[in-house]
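Down below is the structure, laid out as structure tokens.
In this document, chain identifiers A, B, C, D, E and F correspond to the written order of the chains, with residue numbering beginning at 1 in each.
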Amino acid sequence: MEHTNPAELAVVDLACGRDDRLLFSGLSFGLRPGQVLLLEGSNGSGKTTLLRTLCGFREADEGEIRWCGQLLEESSYYADMAYVGHAEGIKKELTVLENLRFALALSQPGHYGIDEALQKVQLAGYDDNPVHTLSAGQKRRLSLARLLITHNILWILDEPFTSLDRQGIDLIETLIDAHVKQGGMVILTSHHDLSLHHIGLQRIHLDSCL
Amino acid sequence: MEHTNPAELAVVDLACGRDDRLLFSGLSFGLRPGQVLLLEGSNGSGKTTLLRTLCGFREADEGEIRWCGQLLEESSYYADMAYVGHAEGIKKELTVLENLRFALALSQPGHYGIDEALQKVQLAGYDDNPVHTLSAGQKRRLSLARLLITHNILWILDEPFTSLDRQGIDLIETLIDAHVKQGGMVILTSHHDLSLHHIGLQRIHLDSCL
Amino acid sequence: MSLTQAFLAIIRRDLLLAFRRRAEMANPLLFFVMVVTLFPLAVGAQPNLLQAMAPGVIWVSALLAALLSLDSLFRSDFDDGSLEQLLLSPHSLPVLVLGKIVAHWLVTGLPLLLVAPLLALFLGLPERAMPTLWLTLLLATPMLSLIGAIGVALTVGLRRGGMLLSLLVLPLYIPVLIFASSAVDRAASGLPVTAQINILLAMLLLALVLTPLPTAAALKMSVN
Amino acid sequence: MSLTQAFLAIIRRDLLLAFRRRAEMANPLLFFVMVVTLFPLAVGAQPNLLQAMAPGVIWVSALLAALLSLDSLFRSDFDDGSLEQLLLSPHSLPVLVLGKIVAHWLVTGLPLLLVAPLLALFLGLPERAMPTLWLTLLLATPMLSLIGAIGVALTVGLRRGGMLLSLLVLPLYIPVLIFASSAVDRAASGLPVTAQINILLAMLLLALVLTPLPTAAALKMSVN
Amino acid sequence: MTLESFLHMGGYAFYVWTSYGITTAVLLWNLFAPIVQRKQLLRQLALKQKRAQR
Amino acid sequence: MSIIPASVSRFFHRTASSPHFYALADKFIPWLIVLFLLLLIPGLYGGLVMAPADYQQGDSYRIIYIHVPAAWMSLFIYVLMAIMGGIALIWHMKLAEVMLISSAPIGAGFTFIALVTGSLWGKPMWGTWWVWDARLTSELILLFLYLGISALYGAIEDKRSAARAVSILALVGVVNIPIIHYSVEWWNTLHQGPTVSKMDKPSIHISMLIPLLLMAGAFKVYYAIAVLQTAKLELLKREATAQWVKNLLENKA
């Protein structure tokens, strides 16, 4: 929250591969507060690989990623971003509340309190349910509640709509919308069609990045 | 090949569940030589569960499955069927040829020889390549070659089109077509649109089977 | 193809696979050698003590090595779907499973037979006990594979099966351990061991006949 | 929240998880007890021999139990994505990792401290060696967790890591084993053990400071 | 010194010559195995390249 | 990078590029072979023929000319691997990774030789093939360390990750080296104390010492040759699809 230079993600000339196969190269883009980036591409085109590279899990084969003009390790990047991947990072044996409290302990408090966030993702009243009693869609919602209770500017979401019904999808679109309006940024992948047309939406098609 | 009663698969009043949740119930259908059954339904609707029940891996909660009028264990079912699931049952460390030879050893020889089959799935010349050097699409093709070299009447295919490009999809449709024309039967699931309209195609929508 | 051909094909394939994965294949053997090595380090260089412990140490280590090698019996087949194809084969499943167990023993048990005498020599086991050590290993290691197969078949579908597997299988290994190590102990003291060997032989024959059935049943359950 | 709070939160969460998964938690302890009991079965009822072997047997068994419990250190976090979230935390990863190791030791190492004296008694270890046995276990089991963490972190991404893990970790355990068991041995013979205990203490402090770094680096590599 | 006494090694022939033999074998293996494997790999790669060009 | 002068860093960068290294290795190997033979032949002649029999051990001591150099190499190579592991981790130098992983089988080979020749020497000297003393056992453990490194590298499919993993392991495992080296002094064991390596006053006759040093040199050069050969293979495996490999193949064809 105490950023002096404007938050900005800049990706320059990125190339990533798996084994010896190059997935994409020469990928460049910038993302500023209020913007959404939608990654498209067929199965295996490297969307997940790109997101994980942006998280710093993988090293890029070439190119660089900068946050507020600095390399990731030297910047406040990890305090400013949040990632929800295929695996949700939620403990099945713990309750909803315990999971969120732990997420909070690893990070800084964000815009919303836990109760408020659960309300927002329509999980109010499930506080003390162990997560393994939740349905797949409810689990997804819980992992999104984490985004609300912790401080972050950049959301990186890998197929956030999987296992969500129509109503769940609308909910996330609302959340993304609100986050972006508050000056946040979002990068996501999805095979669904998005109804986010009204905000500054960039699209990148990975199949064409070779 | 030495069947006196006509090959026929009959499913009567089948119900299956996972954990305590019922996935579908009251499902009945019959399949005769020359027919194709396409299972549809959203993710998690139980398509894979149904196929695995048909393979005898899972027991149905209710109902029964008959082959040529007999219960599966009492019939020649396992000599007459072949299954290609998500996991392909192919050893990465062995060569294409070694894999096919082993498949043959577990079963009876079918319509095609190994060379012919490899030709048909466009893998001719790859005989001695270890499978881990093949691409995902080529691996899929190899698992289909198994169907050609062994004796079988009923094919059970779980999403056979995954990781195949347009050309690969056409290829399989041709193979299915040929198999059905020779008096075979096919049960498959797919999220793709099929161009199999000209043959006796049944569709079952699992979401509506509750 | 006939059942015999299928049986042989399974053995041949698993041996080929083991050969292609040489590095992995050596692991149980290395583990065995390593555990045996731990004891002299733990009790210090006391030749007499080591010599007295030798049969027990060799046998407990062989047992643990067999235990830890068990996972590889069905793991990769389960992961890549080969197990499903095995279950769908029209041939008798217990026989096919026996094929897999035989191959597994050839790969993990047989090498123990080769290095165990060497380690026993290093530990100072008297030479007159060597033939007995070797014979008990020959009779008992297949049993370890056969009995263990039931345990793996039950747990192969679970992700965290490792510890559970030991708890299931170790109690079943105890009778083998008792007869085998007491035979070696007696041989080291120059006593006759015919009774122990006969019992081991009988147990092996029983295991050969009886264990493939429950293993096959457990596999069916695991694949669901 | 502050780094200390995060550190404590990790310990609290892992203990809570262990408590919810009680059944699994007991496994290393059971394994330990079972391996120790294998020895009397394997060498027969020879009280003097058992007594002489006792320090070695207890120590090797503790080591193997620690080894086999290691997998649970990062496995479930790796599978459900919690590990990724840990890596993305703005806090220092080595400190968070240390939190996980501490929790793991509390769950798997501490119980060994409680039953080991009992088992030692059964094996006939002289009573004057008990305090030393206990002290060495107290100093050395945390080291087993700390050193082992490096090995698990290196192999957590592999499906067939089990055997490989032993191969990697056992050589690193050797120094601990040598000093700890020689201390118990000396104590059993009534000799002074200050030197060994001091060395173990120094090793523990070194391990506390030095091992979280490579563990964190290895985890980063595994998550790729 | 005769060749015979040289080979006899003062009665320690077995130990000395086995040592030297095993050493030679291991060293040769570590030297030539990678060379042979590299030749094989190059042949494989060349074949692959030819196939790709066709 | 800032702690290294630019010229040095440029040199490393050039040498560290795979095709350049590959060509350089080809250039060096013949000279290394010549050097190897120049050390080996006088070493063997001096050791097996010229040096007198030991007054205690008779001719059996001639095993020293392979046992000791091999044992030294087994430790030396591991230390080298740890250093290369450090370089690979800090500067992400691919070549250090390749050299590290190529050294493992050669180090394992020397360790094996030290074990076998020591055992073959122990039988006539100590009357037993093996004793479980600290030095012998820790040398056996060293063999496991080498094998563990190779196994870990083989088990991780993504070779970039595998190289990182192996670098970490090599660095961590180096704690065992002092234990092996000082074991004879820390514990009283059957094994010989430092006789040769006490450089100020080696307690071994000069006619025995010179061939020993020649053999030690020969083994070092052998290591250089073997590691270059293995590294060439490893580079090809890792970069099979790179352009320089394609060029190489075209030049050959």
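Rule of thumb we're sticking to: contacts are C-beta pairs under 8 Å (C-beta built on N, C-alpha and C of every residue); 3 or more make two chains touch, one makes a residue touch a chain.
Please read all numbers here as calculations on a predicted model, not as lab measurements.
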Give the label of the chain whose average Cα location is farthest from that of subunit B. F
In terms of CA centroid distance, which chain is the most far removed from subunit A? E
Per the contact rule at the top, check every chain pair and give me the one with the most C-beta pairs in contact. C-D
Rounded to the nearest Å, the gap separating the Cα centres of subunit A and subunit B is 38
CA centre of subunit A versus CA centre of subunit E: separation in Å? 55
For subunit F, write out the residues touching at least two other chains, lowest number first. 134, 141, 144, 147, 151, 155, 158, 240
Can you list the subunit D residues in contact with two or more other chains? 76, 79, 160, 164, 167, 170-171, 174, 178, 224
By the touch rule stated above, which residues of subunit A touch at least two different other chains? none
Which subunit D residues qualify as touching subunit F in the complex? 150, 154-155, 157-158, 160-161, 164, 167-168, 170-172, 174-175, 178, 211, 214, 217-218, 221-222, 224
Of all residues in subunit C, those that touch subunit F in their complex: 23-24, 26-27, 30, 34, 37, 40-41, 45, 47, 50, 121-123
Subunit D contacts subunit C in the complex at 24, 27-28, 30-31, 34-35, 38-39, 41-44, 46, 49, 52-53, 55-57, 59-60, 63-64, 68-69, 71-72, 75-76, 79, 159-160, 162-164, 166-167, 170-171, 174, 177-178, 181-182, 185
Subunit B-touching residues of subunit C, taken from the complex the two chains share: 1, 5-6, 9-10, 13, 16-17, 20-21, 76, 79-82, 84-91, 96, 220, 223-224
For the subunit F and subunit D complex, residues of the former touching the latter: 89, 134, 138, 141-142, 144-145, 147-148, 151-152, 155-156, 158, 161, 164-165, 168-169, 171-173, 175-176, 179
